[in-house]
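Here subunit A shows up in two complexes: once beside subunit B, once beside subunit C.
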Partner chain A sequence: MLRALGRFGPAGWRRMDGFQKLLLLSLVLLSVFMLLPVVYIFNHAFKPYHELFVYPPTFFVREPSLQNVNELASVASRSTVPMVRYLFNSVFVSALAVALVTGVSALCAYPLSKHRFPGAGIVFAAILLTLMFAPEVVQIPRYLVVSELGIMNTYFAHLFPLMAMPIGVFLLKQFVDQIPDSLLEAARIDGASEFVVFARIALPVCMPAVATVAILAFQNAWGNVETSALFMLDDEMKSFAFFLSTLTNNLANNVAMQGAAAVASLIMFVPNLVVFVVLQSKVIATMAHSGIK
Partner chain B sequence: MNTEHSRLEPAKRTRRRLPLLGWRKNDAVLRKVEGSLFIAPWVVGFLVFVAFPLVYSLYMSFNQVRITVTGVQTSWVGVQYYREILLADGGLLYDDLFPFLREALVMIPIIIVFSLMIAILLNLRFAGRAAFRVIFFLPVIFASGQIIGEFIAQGEGSLNVIASLGMDDRLARYLPDAWAGPIGKVIGSFVLVLWYSGVQILIFLAGRQTISGSVYEAARIDGADPWSTFWKITLPGMAPFIFLNVIYTIVDLFTYPSNPIISKVTTENYGVSSALAWIYFGIVLLFIALAFAIYARTIKSMSPRGH
Partner chain C sequence: MASISIRHLYKRYGKDRQTVVNDFHLDIKDKEFLVFVGPSGCGKSTTLRMIAGLEEITEGQVYIGDRLVNDLPPKDRDIAMVFQNYALYPNMSVYENIAFGLRLRKQPRHEIDLAVRRAARVLEIESYLNRKPKELSGGQRQRVALGRAIVRNPSVFLMDEPLSNLDAKLRVQMRMELIKLHKTLGATFIYVTHDQIEAMTMADRIVVMKDGVIQQIDTPEAVYTSPSNTFVASFIGSPGINFIKGKITEDAGGNLLFETNRFSLPVPKEAANVLRRHNKTNRQVTLGIRPEHVGPEGLYSDCVFTAVYKVSELMGADRFLHLDIGQDRLLVARVDAYYRCENNESLRIVLDMSKALFFDADSGARLT
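So, the complex of A and B:
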C-alpha cells in the first residue's frame, strides 16, 4: 500500500486541491481498516491454542502453526462422507448458481426496464416488496414447495431457492435504466434481434452490475447452509458450508474445536476472496468501453 | 426519425419480415412478446419460491401453527398475534425496534455520504487506484455477515479512540439521551460503516462513470471550481444511484441476519413469527416508500432547471 502511495503521479497530486489531498490521505488510513478482517481471518486460522484464547484477543499471530489445520483434517477424516464430496457439491452448486442467477436476473431486468409491457409495474413492485423479507419467514412454505415438486434431495433443491434473488434484478434494472434508448434502437434498426440487443449491448454496458450480482450470488450459494439442512436428506448431497457448520456448531461450547473452527472460516472465506478478486476487474472495466460516453 | 431511417434502408433488415403496411407496429409487439419471454424464468422461480411462500406465511400469521409428523396443522386465530405484538406485549417488537430504528436513521446517511465520497475519490486518476478500488470493494465479501459478526463478538469493531477522546460525554451533554446512545454507537462502530459500504461504493463508482466526461470538460472550461462541479454536475447526475443506494442500504440494514428483529423470526411458533415478520415488513416498506417519495420530488424539482 505504501508503494501505491509512493507511485501517485506527481501530475495527479498537483492537480488536486488541499481538500482532495486530505481525503486521499484518509483513503490510505481507511483502507487499513478495510483490510483488517482479511488479515484477521488469515492470522486467526494459524494461531496455536494458547493464542486463540488470549485476553485481550490479539490481532496478529505470534507463533504460526498448522495445529488447527491438522485438527480440522482429523475431524474431517472421521466423517462418514469424504470431505471431497461436500466440496464437489458446493463447487458444483455455486458455479451453476452464479451462472443461473446472473443470467436469469439480467434477462428479467432488461425487458423490465426497456419494454413497457403490461404488468411490468407489478413485477417490479413485487421485487421491491420481497427485497425486504427475512428468509426465515419463507422456510416452512419453501419446504412444502420443494417436497411437493418432488425435488427433495436433488441438486435442483439446492439451486432453485437461490435463483429468485430479488436484489440481483433490482440492481441490474437500475443500471439498465441508465442505458440510453437510442443505443438500443440503433442496434434494432441494424436488424439485431431482441436477444442480440440484450446480450451484445445491454449486458456488456451493465458489466459492473452483472459482476456485482455474480459476486453476491456466489456468496449466497457458497455459504448456503439452509438448503442442505432443510431439503437434503442424504449426507452425500449436503454442502461444504453445511459440513463445516456442523463441525463447529455441535462444538460451539467446546474449547477443543475452536482451532478447527478458525480454519473452517478461513476455508469458507478464501473462495469468496478469489471470486471477488477475479470479478472485481469486471466492475472496474466500465462504461468507458461501451460507447455510452 | 426511426421509421424514416428504416424505410431508407430496407435491405439492412436481415430478419424475414414483410415490409407491409403497419409492420412496424407488429415489430414492436413482437419485441414486447420476446421481452416478456425473457422475464418468464425469473417470474416462475419467483412465484414458486418467493411469492407463494410469502402469501402462505401471511395466511399462517392468522393461524396457530403446529408442525407434526403427519404435516402442518393450523387453526384460525384471526388477528390475535398482531394484537399481541402491537398492543399487548411490547417486548417482542418495540424494545428492539426503536433503538434499531434510531441507529439505522443515523447510519443510512453516513453510509451513503461516506461511500459517495470514496467512490468519487476512487474515480480520480492516480497511480495505485486499482489497488485502492480492490481494497474498498472488499466489504462486498464481508456481506456474508459471519465475518463481521465474529468481529463484533471480539470487540474489534469499535474504535476505542472515540471513548478516549471523551466524545461520548460531549454527545450525552448536547443531545437527548435517546439519541446520544445510538449516535455514540455509530461513531464508535465507524469501522462497521466501512464494512457495510462495499456494494454502495461499487454502485456509486459505476454510476459516476455514466456521467459523460465532456460535461466535466465543459464545466472546467467555464471555470467551475471542483466544489461547484460536485454540487452542480456530479450530485444531480448521481441522483438515481443515490436513490438506488438508499434503497439498498435500507434493505441491507433491515434484513441483516444479526438484526435484532430478524433474529426473532424463527420457524418455532411459526404463526407469531410470521405476524412479527409481516409487521416488520410493513415498517420497512414505510421507509422504502419514504425514500421513493423523496426521490420522486427531487427528480421533479430538478428537471425544469435541467435544461
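So, the complex of A and C:
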C-alpha cells in the first residue's frame, strides 16, 4: 500500500502525463465514492434516534451513543430463539459453504481445464449457461429438489443450494488454464498421483482465484436469507441475516427498530470486511508473481 | 541402468489422423547420450513425450530395459524429465522441489535429506536451497530442474530443449556440465533440441528428424561428413553447407566433370565411379560443399573458378565470405580472419573436390 502511494508521490506526479493525472484523480474520486456506504454504515449504527430521522439526513454521527446496541440487545432478549443461535447458524453455514464451494469449484474446474474428455466443452457451456438464470427463476425448482431430498429444516438445505457456484467454476477454470502443462507433467513424472498433482501443485498455484472464490462464497452465504425463508421451518435453524431482516420487515416503514437495524447492518457488514481484508493480499498475487513465467 | 528399444512408433493426431511421428524405429544403448535434432514440428518432442509416457502411443512399442512400457504411467518408467520452461513448482522451495519425488516415494527423511544435499552439491546449488523458484535466475532454475531429475537416480533422463531459455554464454557452460553429468551418472540420456550445435557437441549419436521421419542416425562426425541427404547436410553445420546445382558430363579423356553455366570442375575418381554406377552421366545432380572446403586459389589448381565477393562475417578466428557465383546463388567460404578483399571484387576460388558430396537432384539422397 505504502509502496503504491510512493509511486504517486511528488516525483511520481511530475512524471505522469495529463491523461494519467486525470485517470488518477478520477480513480481517487471513484474510490472515495465507493467508500461512502462503508463510512455511512459505521456512522449510522451509532446515531441516536433523533439523529436517525433528522431532515435533511446527516452523513456523520454528531452525538455517538450506544442506544441502538442496547435496543438490539433488548430485541434479541425478547425473541424466542437466542440471537447467539442465529449467529452460530450463520457462522457454521458460511464456514462450511466457503470450504465446500471452493472445493467443489476447484474439483470441477481442474478436469475441465486440464483433462481432455468427451463432452468437456458441453459441460463447461452448461455451467456458463446457469450464470444467466435470475435467482427467482430457480426458487421453485430448488424448493422441489430440497423437499424431495428430504433435507428440509436441516443444515444440508442451507448448504446444498449454495454449493454449486458457476462463477467460481468459471473463475478457477480460467486460472487453471494458465498453468503450463509441463508443471503438471513434471509432477506426474516425479510420481504424483492425479489427486496429488491437483492438491499439491495446481491448487497452490491457483491461490489468487481460490481466494476470490472464497470471498464470493462467504458473502453469498453470510448474507443469505433465501434458504432460511424457504427451507427452514424452525426458527432455531434460521440464519442471522434472516433474523436481521425480520427486525424491520414486519414493521413496514415504522420508526420502531430502525436503530437496532442500523447496528444489525454493521454486524452483518463487519465479517465481510474482515474476510476481504484477510484474503485480498492473496487475490492480488497473480501468476506473474508466482514464478511460473 | 537401461537400454531403450523403440519399435515402429507412430503418432497420429486429430480427426484427419495427421501423422506426426512416422515409423520411428531405434535402439538406444545403455548409458548412451542420444540427441534428437530437427526443425520445430518435426516430431522430436512428441517422440520424447511418448517415451516419457506423457503422450499416448498410436502404434508401435517402447521398451525400457526389457519392459514394455506402452501402458505404464510415467512414474513407473524409471525416468526423469527436464522441461524447457523448467517447470519448477512455484509454491515450493528449491529443497522441496528436489525432494518432492522422493517424498512421494515415501523414503525415510534422513535419506531424502542426504540425497537432496548430494544433488545440490553436484549442481552447486547448495547456497539457495531455501529460496523459492521465482527468486532464482534462469540458469539457477535450470540447475534446480536438473537436481530434481538426478535426485531420484533414474536410469533414463529425458530432456526437452532444456537450454533453449538460457543466454548464449550460459548455454555453452551448461552444455559442458551436462556432458560431465552424463559421465558421472552413467545413465541413458535422450536429449531433444533444435540447435545443431548442442547436438554436435554433446551427442554420442544424433537422430536427425524431419516431418516425423528419421533422416539419419549416426555419430556427430558421420552426420557432418556423410549426411544421408540434402536436408541433413543443410541442417547440420553453421554456416550451412553450400549447394550448387549442375550437370555431370564426360570429357574426351573419359573423366567426369561437374558443369554449371559458369564453370566446370573435375570429379574425383572415387566419386566418379559411384556416379557412373548411379548412371548420372549427363544428368542433373546437386553438389554439396562445406564452407571450410572452399577457399581462395592456391591449393587445388584444377578446381578454380571466379566468384564476386559480396559480404563477409568475421567470427574471430575465421571469416566467412559470401560470394556470388551467378544464378542468384551465394557460396560461403571459410577463410582466415586476416583475409581482406574489396567490395564486388572478383576472386579466384577453389573447391576441395575430394570433400565434395553429390546428391540426387530430385530426391536429395546422397550419391557419394
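What we mean here is this: the second predicted complex is superposed on the first by the 254 of 293 C-alpha atoms of A that agree within 3 Å, B and C clash if a C-alpha of one lies under 4 Å from a C-alpha of the other, contacts with A are read in each partner's own complex, and residues count from 1 in each chain.
The working rule: a contact is a pair of C-beta atoms (placed from the backbone, for glycine too) under 8 Å apart; a residue touches a chain by one contact, two chains touch by 3 or more.
Quantities reported herein were computed from a predicted structural model and do not represent experimental measurements.
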item	value
Subunit B versus subunit C as contact partner of A:24, first or second or both or neither	first
Which partner reaches more residues of subunit A (counting touched residues only), subunit B or subunit C	B
Which of subunit B and subunit C A:191 touches, first, second, both or neither	both
Which of subunit B and subunit C A:48 touches, first, second, both or neither	neither
Partner chain in contact with A:183 - subunit B first, subunit C second, else both or neither	second
First (subunit B), second (subunit C), both or neither touched by A:64	neither
Contacts on subunit A seen with subunit B and repeated with subunit C across the two complexes	185, 188-191, 292-293
Touching residues on subunit B, where the partner in the complex is subunit A	2, 5-6, 12-15, 31-32, 34-36, 38-39, 41-43, 45-46, 48-54, 56-57, 60, 65, 67, 72, 117-118, 121, 124-128, 130-144, 146-148, 150-151, 154-156, 191, 194-195, 199, 202-203, 205-207, 209-210, 212-214, 226-227, 240-241, 244, 247-248, 251, 254-255, 262, 265-267, 270, 273-274, 277, 280-281, 284-285, 288
Residue ranges of subunit C in contact with subunit A within the complex	52, 54, 73-75, 79-81, 83-85, 87-91, 100-101, 104-105, 132-135, 148, 152
In the complex, subunit A residues that touch subunit B	1, 3-5, 7-9, 12-13, 16-17, 19-20, 23-24, 27, 30-31, 33-38, 40-41, 56-57, 59, 104-105, 107-108, 110-112, 114-115, 117, 123, 126-134, 136-142, 144-145, 149, 160-161, 163-164, 166-167, 169-171, 174-175, 177-178, 185, 188-191, 193-195, 198, 208-209, 212, 215-216, 219, 223, 265, 268-269, 272-273, 276-277, 280, 283-284, 286-288, 292-293
Subunit C partner contacts - residues on subunit A that touch it in the complex	180, 182-183, 185-192, 196, 200-201, 204-205, 289-293
